[in-house]
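Take a look at the following structure, please.
Order as written gives the chain letters A, B, C, D, E and F; numbering starts at 1 within each chain.
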Amino acid sequence: MSRIDGRTPDQLRPVTIQRGWSKHAEGSVLVSFGDTKVFCTASVSEGVPRWRKGSGEGWVTAEYSMLPRATNTRGDRESVRGKIGGRTHEISRLIGRSLRAVIDYKALGENTIVLDCDVLQADGGTRTAAITGAYVALADAITWAQGKKLIKHGRQPLTGTVSAVSVGIVDGTPLLDLCYEEDVRAETDMNVVCTGDGRFVEVQGTAEAQPFARAELDALLDLAVAGCGKLDAAQREALARTL
Amino acid sequence: MSRIDGRTPDQLRPVTIQRGWSKHAEGSVLVSFGDTKVFCTASVSEGVPRWRKGSGEGWVTAEYSMLPRATNTRGDRESVRGKIGGRTHEISRLIGRSLRAVIDYKALGENTIVLDCDVLQADGGTRTAAITGAYVALADAITWAQGKKLIKHGRQPLTGTVSAVSVGIVDGTPLLDLCYEEDVRAETDMNVVCTGDGRFVEVQGTAEAQPFARAELDALLDLAVAGCGKLDAAQREALARTL
Amino acid sequence: MSRIDGRTPDQLRPVTIQRGWSKHAEGSVLVSFGDTKVFCTASVSEGVPRWRKGSGEGWVTAEYSMLPRATNTRGDRESVRGKIGGRTHEISRLIGRSLRAVIDYKALGENTIVLDCDVLQADGGTRTAAITGAYVALADAITWAQGKKLIKHGRQPLTGTVSAVSVGIVDGTPLLDLCYEEDVRAETDMNVVCTGDGRFVEVQGTAEAQPFARAELDALLDLAVAGCGKLDAAQREALARTL
Amino acid sequence: MSRIDGRTPDQLRPVTIQRGWSKHAEGSVLVSFGDTKVFCTASVSEGVPRWRKGSGEGWVTAEYSMLPRATNTRGDRESVRGKIGGRTHEISRLIGRSLRAVIDYKALGENTIVLDCDVLQADGGTRTAAITGAYVALADAITWAQGKKLIKHGRQPLTGTVSAVSVGIVDGTPLLDLCYEEDVRAETDMNVVCTGDGRFVEVQGTAEAQPFARAELDALLDLAVAGCGKLDAAQREALARTL
Amino acid sequence: MSRIDGRTPDQLRPVTIQRGWSKHAEGSVLVSFGDTKVFCTASVSEGVPRWRKGSGEGWVTAEYSMLPRATNTRGDRESVRGKIGGRTHEISRLIGRSLRAVIDYKALGENTIVLDCDVLQADGGTRTAAITGAYVALADAITWAQGKKLIKHGRQPLTGTVSAVSVGIVDGTPLLDLCYEEDVRAETDMNVVCTGDGRFVEVQGTAEAQPFARAELDALLDLAVAGCGKLDAAQREALARTL
Amino acid sequence: MSRIDGRTPDQLRPVTIQRGWSKHAEGSVLVSFGDTKVFCTASVSEGVPRWRKGSGEGWVTAEYSMLPRATNTRGDRESVRGKIGGRTHEISRLIGRSLRAVIDYKALGENTIVLDCDVLQADGGTRTAAITGAYVALADAITWAQGKKLIKHGRQPLTGTVSAVSVGIVDGTPLLDLCYEEDVRAETDMNVVCTGDGRFVEVQGTAEAQPFARAELDALLDLAVAGCGKLDAAQREALARTL
């Protein structure tokens, strides 16, 4: 079976990771998974939220948002509606947890890094692209903070790398990195966040049309782990380039 | 290894499901998983949200909330703060999706059922207790709606049963149905929602302390599926009693 | 004339006051006036709001809320609407004032006690049941604080007891403790808060259908004072039991 | 005992009721009770809120607010804080109920009248001045609506007159119409709303410092009824003037 | 061409500036430009916002609001809607900037003055009347603060005077101080804020119906500067009176 | 005198206008004025807001926002704070008015076009870049709507072109198109919106440090008109390219 856009089931869309996309942010990336484009900035500030003061430990958090016309029909701005929707909350929290999974708070020291992931254009997989891009912005921000001596000499707050991909079952076939049209038709939809060594940070599987069996879950996990491996390589390659 | 409360790793806490806890609601349940107590009501109303009108299909949704002193220290009320937090949003959405997974919208007809899950006392596993109790309240509400002829004769909107349980790895050991103290110490935490036939509706695994390996994930899924089997039996038993 | 539920005009509904209903709160009560059930918790914390710091005096406040399906038809959650309604505000303030009327702030010292009164099921008289139950939760919380030495040895912050009841004129007859169906039909509706020695803390009378005369007001006050006397006895009896 | 401002215990402050204070509103009054000044406008619109449509009955409601510097120290604007406080809610509801007590909804027909009571300067008794002034603005608005044939020929929506006054016990003495300085020192504080024939619409008594006895309550009610009689005369006199 | 109200094109409406309109505020003015009436209070408080602490400099800010029935049809209260509209924000900011233009922050010392401008009745030109009146209230508040020694002896925080007027092109003719009916018909509408020496603090011109040419802009500025000169005289005259 | 970035006083920064930057929006532009980058999308929908229904006329409106890290230090998201700030409101309104100045509502028919202007990177002049870019997105959206027959054959809703630029006086010299560093130091700051034929749509001048004289105003207007002429050429050139 050939996919809508001609890919094989285990094929990612073209992935690009452009660093240095902002002159202000300490780390910044424009990441694209096919037509999904997310602008990720990492902002470093000295100090931590009140509940963490004096602990000697840092903090990393994230905020996700979609521009109103990132999607096919315009959505209301959450700032205009005066509240953040459940989906936005959920994804912001997912991104934050995913990045904190590879952070050594002690090594970070009492610094805070905020990752802003703003979706400029959406075509499925915005949260997984956001995590994948935000990791690179985070890595650049940490390098910046090391250069500025905000992080003590010789300390490395990053304990690993992290990337994410969506997988799903469409017409009975497990597929990697769903585009929007596939996502809508998926019977089961899963987002998987992995470290570079192939372990899991988050596994979120949802039966959209009907419950899924263990064998299907296993097939999806296999696809996702392989996909994250490729994303990990893309991240390393991007970070190897001179900024 | 013996657990904090003397349970074996694969043992649920005492589960009680009391139906008919409200004189007003069409379905109502006080569910407890040990010291976690959630009050679930199912409210049936004719009609559906605007975006669904004229489709001939019904809708099921859920709202989760904690009373301010359900936990060890008092939390602010979300009504007083003027906004719903991310965690509340996330859990409300999870409960709604979980129940919709066993609903045939066509059979339900243009009726809406809202599940309110209010945590009276929290000791870990509030979302899984909520799903497990809400299913029973939903079943009673559907029976009520059939009796009132809101649902057409001979139609059964329920396509299966659904229950949920938490699992996690504590000190290297996979454990079923974590209480709060275990949950805080868990390296990995997973919530699993299963249908009565052992398939998955939702799988949400999170690395709290460090990423988890595939073998750990597999062990947790095994525990969860077995636990949901026992919860399914408790639900059937509760529903078999005369209201 | 016999009432809807067979009571005499000066008869309370069955009143139950169950203490120790929460394992977390310093004081907790499930109070019922017939089918009206309110869950009251008292939460003690050291310190006082900013405007009272350094005064050596404590503070007591209350928050009232209804679960969405406490009533016959489901109401929207105030947290979801993003604001608290006028009725909720009004009742929260009434409960707070009523309890503060029997508090010696100096004896309480710089501690705060928050009373949360959540209506699980409503059938008229929710605010009066809340005040009556909250007093018992408050008394237990104060005993707890004395045991923890948060309150200085030998100091008694409670200067008296307080309870509340509704009265109203239905079809020309003054009635005590209206249930919902009576409340709806009442021409005049009054909530009265009394101390155990029969003095008034709050008197709130409202002409629903037509203005009321002084003689009617007098008859209602007589009924209410007698009713509060019975509630005072029920509170004492509850507090006399071993927790 | 002489009062702060030299009044006898049963004496009102100077009361002025200026009609026609706005060129836009259908009824408008600047009412003053001593240094308390409230600007009341009555706005008539055809139609009623949705829940009342098709009933053939009208609606009357009220909104109360204080300008930020109406008081001795500036308060935050509720519009800037983004929510209405409990006190504002409570008073708005009281004014609305008080005026509805003298309205025949059928005679009003499907029209809505909104009373806006904005406190320009506060010196105690703002809610009672607001009710007293709003009644006059309402009467003028009804006359306007009759002239515009919005109200059917020969129908009189007003079933009576209504005014309000505060009473309280200060240093053991019952006093009428408390100014701010007296209000702060009052042991008991009561707001009483009466119709022109001396019956009660609302009685709201609160023990500020200590519970009050029945005899005190009786003395306060006597004072209030007499005070409302004088306010009723002032309202009639104002309405008798040519606008 | 004669204007709606008989004025010549370069004629202001009757302007009145009544000082001392509030017994509480440190400065207060009821200003009217024809039927437009704005109540301006200046509130002085010691201290400055957090971001300015320790600078030795003061702060001046403003809030503008309309009473709901200031206009011909009643508008919703922004406090009830729970948010401030764009127009209100814009005008509050304009008033604040205009007054700060004549303030020497060093001379003011670490004191804050808040100008509240509440429109009691609107007939065009509410923002310009607000600025013109607020200046006078500000001047009185500064005199008060000097008397209270909040401002150091011999320091004068006011560096000049400021007033404002609207101008516009109606049916091709440039007009000064538009009333509402003229404002609605204006092709171009401009608000101009000037110092007493005829320089500009703010110039805000908007093409309502069609773009305007440089010559039109010049004619409008000429009118506005002359109008502000007359307002400056009215302010001086008001301030010369004994309070 | 040479400027910070080497420009002459009457020189624009490098301006780029990239069309077709979104696959979803009916018109989309990434506009840059030097380091200021604004992403503008135009969203067409059939129908108009309620207050305009049945008029046969269309509507054009705009929303402006800054990404949190568009600036040198991260700002809070307005969606997270739950309300839109005054500056955002003010600029959104300015953009909307500027574009409506060149729209023939009748020719547009009952269609709505929303311009979203999201600042990706800020370096002064974000509102003027937004207007300049939004015009091009609007023009593309109108061409799209003509192609889809949403706009009647032969009707041209655009009555002209519009662009905007900032000007200001820095160290006594009038400068065109201020960058952030110049903007901060400007004594006077003005934003000017012109049509392609050199007439004014908006003129907003603000004295930042001290009031400005008529001659200064005149010099700034001259600079701005010339600058808009160059921007008009850049817009035409961009629209002449094949999309």
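In the analysis below, a residue touches a chain if its C-beta (ideal position, glycine included) is under 8 Å from a C-beta of that chain, and two chains touch if they have at least 3 such contacts.
Treat the numbers as computed from the prediction; the structure is a model and nothing was measured.
A.B. asks: Identify the chains in contact with chain C as well as chain E, in label order.
C.D. replies: D
A.B. asks: Could you check which of A-F, A-B or B-C has the same interface as E-F, with more than half of the contact pairs identical by residue number?
C.D. replies: Repeat of the E-F interface: A-B.
A.B. asks: Angle of the rotation mapping chain B onto its copy chain E, from a C-alpha fit, rounded to a multiple of 5 degrees, please.
C.D. replies: Superposing chain B on chain E takes a rotation of 180 degrees, nearest 5.
A.B. asks: Calculate how many whole Å lie between the centre of chain D and the centre of chain E, each centre taken as the average of the chain's C-alpha atoms.
C.D. replies: From the centre of chain D to the centre of chain E is 33 Å.
A.B. asks: If you average the CA atoms of chain C and of chain D, how many Å lie between those two points?
C.D. replies: Going by mean C-alpha positions, chain C sits 28 Å from chain D.
A.B. asks: Return the distance between the CA-based centres of chain A and chain D, expressed in whole Å.
C.D. replies: Centre-to-centre distance between chain A and chain D: 59 Å.
A.B. asks: Indicate the whole-number Å distance between the mean C-alpha point of chain A and the mean C-alpha point of chain E.
C.D. replies: Distance between chain centres, rounded to whole Å: 50 Å.
A.B. asks: Which chain B residues sit where two or more other chains touch them?
C.D. replies: Where chain B meets two or more other chains at a single residue, that happens at 82-84.
A.B. asks: Can you name the residues of chain A that touch chain B in the complex?
C.D. replies: Residue positions touching the partner: 83-87, 89-90, 92-93, 97, 101, 160, 190, 194-195, 197, 199-207, 210-214, 217, 221, 225.
A.B. asks: In their shared complex, at which residues does chain A touch chain F?
C.D. replies: Within the complex, chain A contacts chain F at residues 22-25, 28, 35, 39, 41, 43, 45, 63, 65, 67-74, 77-80, 82-84, 88, 114, 116, 118, 120-123.
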